[in-house]
């Protein structure tokens, strides 16, 4: 069954079959990493432009490696957030790239909806690497891949997502992905960071609790979100110390979950804030697996978009 | 080229179950002849999907004949196809599992049908990315001609004359529920 | 405006005049910029131009009390010339233009500039609204008396709220001295901050910062309280929430001198129009829920909402083609107001033609102390003729900008004649000048 999408803008627009296809395709790509030659010639000659309007080393590197391992040529454009306010508009930049016959554009932007605007204007395949608070689809896909790798399934898993849900595109993409694949999602954080709309905005019921103990009770996966310390200035929480005390994942709280609960984090971590170092580095943590899997999943996405017939 | 003799609609069966078993034995004998009774450390690499099953059958025959364990790997060549992004139905990438070290080891690639040679070209590119075998031999159940690349098989079960647009169906018990090889015309030709 | 116009007889139309409660077939004769006669089967003198209005509605010249003409400073979006041309095409004989130009209309010279431009290049009457505070910064009052004398008809910091309640109180009191209404853009700046659409499920899904309804009605409540304190005339503009309607209804019951308007997009669309990051559905206040839309419709039907104004806010195509959060707020509306009023309020929700016409004539005239808004012998000859049955597709605009979410929509009801000061400025879809 062909992958009928020109772009990957979000999980919202994917069917469970699409998600299954991507996860299934990522597996053989992962096995390549153990070879001495980590490349395959599949996307040889294709050009991948990375437009990262928000700084990010790890996601950008992950995409660059994914492209390189498919034998495509990856190039990163030097853009930063000031380019948004002055100078060339996003669409203008993209049209210029299109004129240079770029095949893929991987976009990270601080404004929700920017990749969608782009995708409408260019023929290249647009991959959303994170837009505003909206979605970060490849993150959710690699998270699902990791969960299935460790837990052998996704359906029926109890997944607790803890932290700043309000501002998190990672949370939104994960909620879509997990609900589409039949997992039970529990959102947890202080009321200032977990808006009421989350209960119903995603089509399927997702439970919301302000108590970590309740969220982790019987949890198979503890997914910890990064807390941006600037949020303190918006009166969203009083202090980092208080946040860590009530919501930071440490050994004491992790013990409330199932014994084999895995600990996940999209990175980068604020150690000592949303997650304690012993937990981040402990035996239940699969955070580094997420990083490895990220490349395989991104390779799978590029492969499927390239060969997909829309 | 002599026109093949087959029924216009359903085609002709050119090998039955016994025939396939016979051919596998013949391929095995070629391997023993080249690499000696102890196998010489040879490993078989079957090309997904049916080549992999044939490779397992061949390995079983060799083990039975020589008493040696013959390692079997399976290779999916999808990512190395030269038409991977353009063919109509994007193929599913299947498993590749090579549970042995390729370095300096003789390999026998195994596949069901040798046609244009492109699959084998892809397989060679893939193998080389996994390591540097001592040598690579090609064992094929059916050679149907019409090469587009300069590839030839070292061990052939059966050579068959076909028209370019004929269809060769290899059915294996493991995948299709029966063992047989048939040649038939492309249904598009029927008028 | 030059008035060398000869007499004009508008014959056989259905006259709808809320002030004089006229609702009948009648002829209207205009002479020398005044309404000379209204009656049946008038026999004009020879040489009088006749416009046959059989089957059409003849109303007082329509008044849009909230438009942005963008001149001075943002002429790439619209000018007084192009904006008034759009008004004439939409059937409007007068517009009140908001002061958030660049520079703002916050002193006598700016008011005079607008009036001068309108006189020389405008197609319809232009009534400037002066800023409440200097530069609209919310800190110091403008010279309200002087601006009033120079010709401004009301005060507003529209585009922005006046956050300082004490300052707003003083503005109301001072304006009361001159009996000028104060128009407020009701918005709590901090609750609104960085918001781009209604706060709710959709904003959550789209990952966009929401503007809660409370940002509007908290200030509506504050303003009503200050009106109670000062007894000054207060007009609340572009209301979008059900709670605002309820608050206004209650304030009117208590006899406070409050008027209110809403815009056609609030009674036609909901936040769903934003799906897909459609910047043509981005305005401030934002499109709200279906519940709010229904409350506004009910408010228009029961008279709680007095007027309809377009909040005509032109932006260039390039400006609107940006990422959603970055694109400017606002849509144009002068040319679609009549069509939406008829298609939505009259046809779908059963508003009477008389009540509908009042929202664009008598009510805005009263709210801003304007001449016109009625057809009385001796009053100014501003008349609009509307074909209530004309079906048309929203396609092209006379406005310089095109930022409308209604493109492609079929509407019923269109102005076919616009007469300002006795002179025809638009006839059957063509501007005359």
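Read from first to last, the chains carry the letters A, B and C; within each, the first residue is number 1.
The definition used in the following text is that a contact is a pair of C-beta atoms (placed from the backbone, for glycine too) under 8 Å apart; a residue touches a chain by one contact, two chains touch by 3 or more.
None of these values were measured; they are calculated from a predicted model.
The most central chain, judged by C-alpha centres against the centre of all protein C-alpha atoms, is A.
Relative to chain B, the most remote chain by averaged C-alpha coordinates is C. Distance between chain centres (mean CA atoms), chain A to chain C: 46 Å.
Centroids of chain B and chain C (each the mean of its C-alpha atoms) stand 78 Å apart. Note on chain placement: the centre of chain A and the centre of chain B lie 41 Å apart, centres being C-alpha means. The multi-chain contact residues of chain C, meaning those touching 2 or more other chains, do not exist; every residue touches at most one other chain. The touching residues of chain A, counted against chain C in their complex, run 12, 84, 89-91, 109, 111-114, 116-117, 131-135, 169, 172, 195, 197-198, 200-202. By the touch criterion given at the top, residues 2-3, 24-25, 27-29, 31, 35-37, 39-43, 303-304, 306-309 of chain A touch chain B in their complex.
Taken together, the chain B residues at the contact with chain A in this complex read 76, 79-80, 84-86, 88-90, 92-97, 125-126, 129-131.
By the touch rule above, chain C contacts chain A in their complex via residues 200-209, 276-277, 318, 321-326.
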